[in-house]
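Next up: some structures, all given as structure tokens.
In what follows, chain A forms one complex with chain B and a second complex with chain C.
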Partner chain A sequence: MTTDVLTQKTGFTLAQYAICMNGIVWREALRFLHQRERFVSALVRPLVWLFIFAAGFRQVLGISIIPPYETYILYEVYITPGLIAMIQLFNGMQSSLSMVYDRETGNMRTLLVSPLPRWYLLFCKLLAGTAVSVLQVYAFLLVAWFWDIEPPHLGYLTVLPALLLSGLMLGALGMLISSGIQQLENFAGVMNFVIFPMFFASSALYPLWRVQEGSPMLAYLCQLNPFTHAVELIRFALYGRLNGLSLAVVGGCAVVFMVGAAIAYDPSRGIGRRGPAGGET
Partner chain B sequence: MSRQMFYAVAIWLACAVPASATMAYVSNEKSNTVSVIDTDSWTVTRTIKVGQRPRGIEFTHDGKSVLVAVGDDDTIEVIDVAKQEVVDTLPSGPDPELFVQDAAGKLLYVANENDNTVTIIDIARRGRLGEVQVGVEPEGMAISPDGKILINTSETTNMAHFIDTATRQIVANVLVDARPRFAEFKRDNSELWVSAEIGGTVTVIDPVKREATGKISFAIPGLRREAIQPVGIGMTKDGKTAFVALGPANRVAVVDAMTHQVTKYLLVGQRVWHLAFTPDEKYLLTTNGVSNDVSVIDVAALKVIKTIQVGELPWGIAMAPP
Partner chain C sequence: MMQSQMPIDSPASPERRPAAAAIAALSIDRVSHCYGPRLALDDVSLDVAPGTFTALLGLNGAGKSTLFSLITRLFGVQRGHIRIFGHDIGRAPGEALRVLGVVFQPRTLDLDLTVTQNLLYHAALHGIGRGHARTRAGEVLAQIHLSDRSGSKVRDLSGGQMRRLEIARALLHRPRLLLLDEPTVGLDVQARDDMLDHVRALVREQGIAVLFATHLFDEIAESDDLVVLHQGRVLARGPLPDVLAQSGARDLHAAFMRLTGTAAEMGGPAP
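Right after this comes the complex of A and B.
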């Protein structure tokens, strides 16, 4: 689409779109950098899993080789992609939490009254959240490297597109959920009903063949869980390989969640209908 | 380009492609086969049927044959590398397990596990030259770089026997830890290393003084000490780095051969026993008996890069000489 066509259709130039995206992404990045506690906690959470939880299960996986790995791996190596996806899952939900906060304090309302299309504003917000999650992931991978988790050098590059896609999917999911949250306190429910089930019923902590041995039904649920595919997409990409099925599922879910979020945030159908945040009418 | 010129270029290109990559031969103790691994593609290209319970395996120095001790058939079989099949046998004693050749590649010294002897065989004549009585359950075999001293370790006697190759007499015995399985000289003859499976150590011996001068121990966090059972030893040509296979610990220990300190443990398959370097020492291959595979270690990076399925209970491994 050329600038002229875009301008004709929406009344804005590409430069104006870029200014908007820059503003939203930059605000989110600044916010992240200024909230050191958030950065530290985003890093500490997966590291606790890596250093403490994984240490107890060190010998669990020494008996089989599963793709994309070409040899035996320690449990720490196995759960690293799962922990990366966990960072993105929490970040996605945290972004949604920030949207609830923004809505309560009025920032979101200011943003949503911008003349630019609402879907574009939300997409920028999503992109901003994803960029922050990618920063967190690379910080985690840096620490993990000192813990002998050393994927191939090229893997650090090939994992980036997977991180962007899974970050968008999980962020869009968070956005979709946040549209239905009326108060900040309701976020605890998101933890219980979204984050924990998604994380535990996935291939993040244990390979699916292991889950299959314990409970075929759970293994089936894990396969239906888009988070499993985000984990597998990241796992394969980290070793320079592509998991086609996971790519399709994550890509498909990202689009569905994004469209859902765009619709949910439409004042005529979504939050506007319910009136201002905090249940006030 | 003329037709002749085209054919000439085509033939030159065909010749420029290496005729064969380095091949690793792995003896599979339970399936009674030898797996041939192409070290370029890291795939098993052929499986050769051999006698019963193949264990010790080595190339002859000319690279044309592979010798494999088939313990339950009480003989050493000769595999023709070109034909990829067993073509002959050598007369060992009962239950041959490990063997070593002299520097010239003419004599073969075989440890016969069941009758406490080392048999000396003339490889070319396929004849037995004599026997040396050693301790109970002989296994590990090594020959000093100058070819004057043959080492045999006896698993039950817990000794490294020093045998003079000229007189074929034991000239010294060095007590090591329980169940010595393997012996390896440094190329400069400065040290002899003997692994002890039950003892869980590697004893470093001064080959001149014929006494133990040091001991290497291993400790892997989270593993019981009994699970650490050192067997195979691989030493780089410069004598600076050694690799020790730790059996059911599923690890290969990387040892600084100068300081005798363990620097790293590499996770491989289950019950790793023997090791072999590729001729350029870029890779070290390990036989993992219980998981029926061979792991490939990148020697420079000290990383396990691949694991390849082979036959049942892979035991020994031999690499084609350069």
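Right after this comes the complex of A and C.
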């Protein structure tokens, strides 16, 4: 073991970076498996929307033929990409909650005193959360398939890169938010001020042309909402098509949020400005 | 206060400094740190030589945990320099942190993972492959007599076992400097003595440098180097007999009271 760490004078090998990433993803997966109720609730939430909300609104909200759809579709089919993005949004915020909890309990220190670059550690953490969200999405799609939500077979594959990118963006947003939350109790505010506005002011539940009819201002806000573009990126990818604008917005926001999170967790700029945990000095 | 400060390389006991000419395991040079307007550390300087046990003595609120957070780069150094075996923690954090093992005051184990899983996770964070990590985990668990609990969930361990596990984890990557921030808090007398014996054995047998933060006088042995930290300032540093001689007290408790009384007269940083 000594040769792994101590005889190496400077820097880390690619293998060591890979080992670190593997370890962080592995730990996140273990935690996820230990929290079965988290998996169940992550699955039940979108299914409730699909089975109850969408069924109820099927007759109220008619969907005209809009890209990427080539024919009239059921409302359940329309909101499926939105529900997929919702899974990732909640997962991103759940990861954020988990980071706040880790910081309160001291677990975060284990991660942050690793000798590997901090930005890399945070990226691995982000990737781990994204991987978990992708698993949740495929579990949801499996159940939805029995509800006659059947995108093209190839769509299950082509949606994967979109899921990774949107998962990274939403996870990075959660990480950025977590850096500013001092206590778990404050997390309820995230629900009210981040999750709900992002979800409802988007194209997840209704197409933007419908919103435009009701409120041009709201439609404009929806277009500015990165979550709208995550939904559209997923929607198009699920049908084997690429939405260039959404790709650019989601990719750009992912980079911005990641850089922001790295800065927020930088010891000289972010957490270092706060005092130590309660009771310590 | 500064007049009462004793340099750690005091000529009073040169035989205690076999590595004086060598690079310091830990060098803290004129470090200050503020939380907003509150000054938590004020011009703190100290050295820890390789293969020595240095006790950092201070009451609650003295600044010990802040100092540990700076050494481990949880906080950025605002003023001054911290070097670990010559590596500046701000400029070369990777090189500095890879030779550092740390046990924080609050427990940082993942309670939902097993003993071995906690160790493997730590190993991965240091870039140590699974095969080596498993071997090394077996070794450190044997050292702390927890081999039979390797598959247990951490939440099922006693407080003393958790602390031993944290020390084992800190040693997994074979650090050359070990930081322990009040690791005996919450332990019974026997567990506390066992832990101190174990840490001193690490210094003696493996040549690891140790910085041991405590507020308990009876955890400090005559052979230790001592740093007295009070209200963010170093009041005295050096071998324990030298600190006693300097303060004119017969025991550590009296010496501490005299030193901190002096500091109060001179006025400390803002609370």
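Points worth noting:
Definition applied: the second predicted complex is superposed on the first by the 262 of 281 C-alpha atoms of A that agree within 3 Å, B and C clash if a C-alpha of one lies under 4 Å from a C-alpha of the other, contacts with A are read in each partner's own complex, and residues count from 1 in each chain.
In this section, contacts are C-beta pairs under 8 Å (C-beta built on N, C-alpha and C of every residue); 3 or more make two chains touch, one makes a residue touch a chain.
Note that the structure is a prediction, hence the values are computed from the model and not measured.
Superposition of the two structures on chain A leaves chain B and chain C fitting side by side, clash-free. By the document's definition of touching, of the two partners only chain B reaches A:L74; chain C does not.
After overlaying the two complexes on the shared chain, residue contacts for A:A188 are found with neither chain B nor chain C. In the superposed three-chain model, the partner touching more residues of chain A is C, compared with the other of chain B and chain C. Residue contacts after overlaying the shared chain place A:I52 against neither chain B nor chain C. By the touch criterion defined above, A:E150 lies against chain B but remains apart from chain C after alignment on the C-alpha atoms of chain A. Once the two complexes are overlaid on the shared chain, A:H34 sits against chain C while remaining clear of chain B.
Closest CA pair between chain B and chain C after superposition: 47 Å apart. When the two complexes are superposed on chain A, none of the residues of chain A touches both chain B and chain C. In the complex of the two chains, the chain A residues touching chain B come out as 55, 58-59, 62-63, 65, 70-74, 150. Chain C contributes residues 35, 40, 60-66, 69, 72-78, 90, 93-100, 102, 104-110, 112-113, 117, 120-130, 132-133, 135-136, 173-174, 176 to its touches with chain A in the complex.
Here chain B touches chain A in the complex through residues 221-223, 250, 267-270, 291, 295-296, 303-307, going by the rule given at the top. In the complex of the two chains, the chain A residues touching chain C come out as 1-2, 4-6, 10-13, 15-17, 19-20, 22-24, 26-27, 30-31, 34, 105-107, 109-118, 121, 266-269, 271-277, 279-281.
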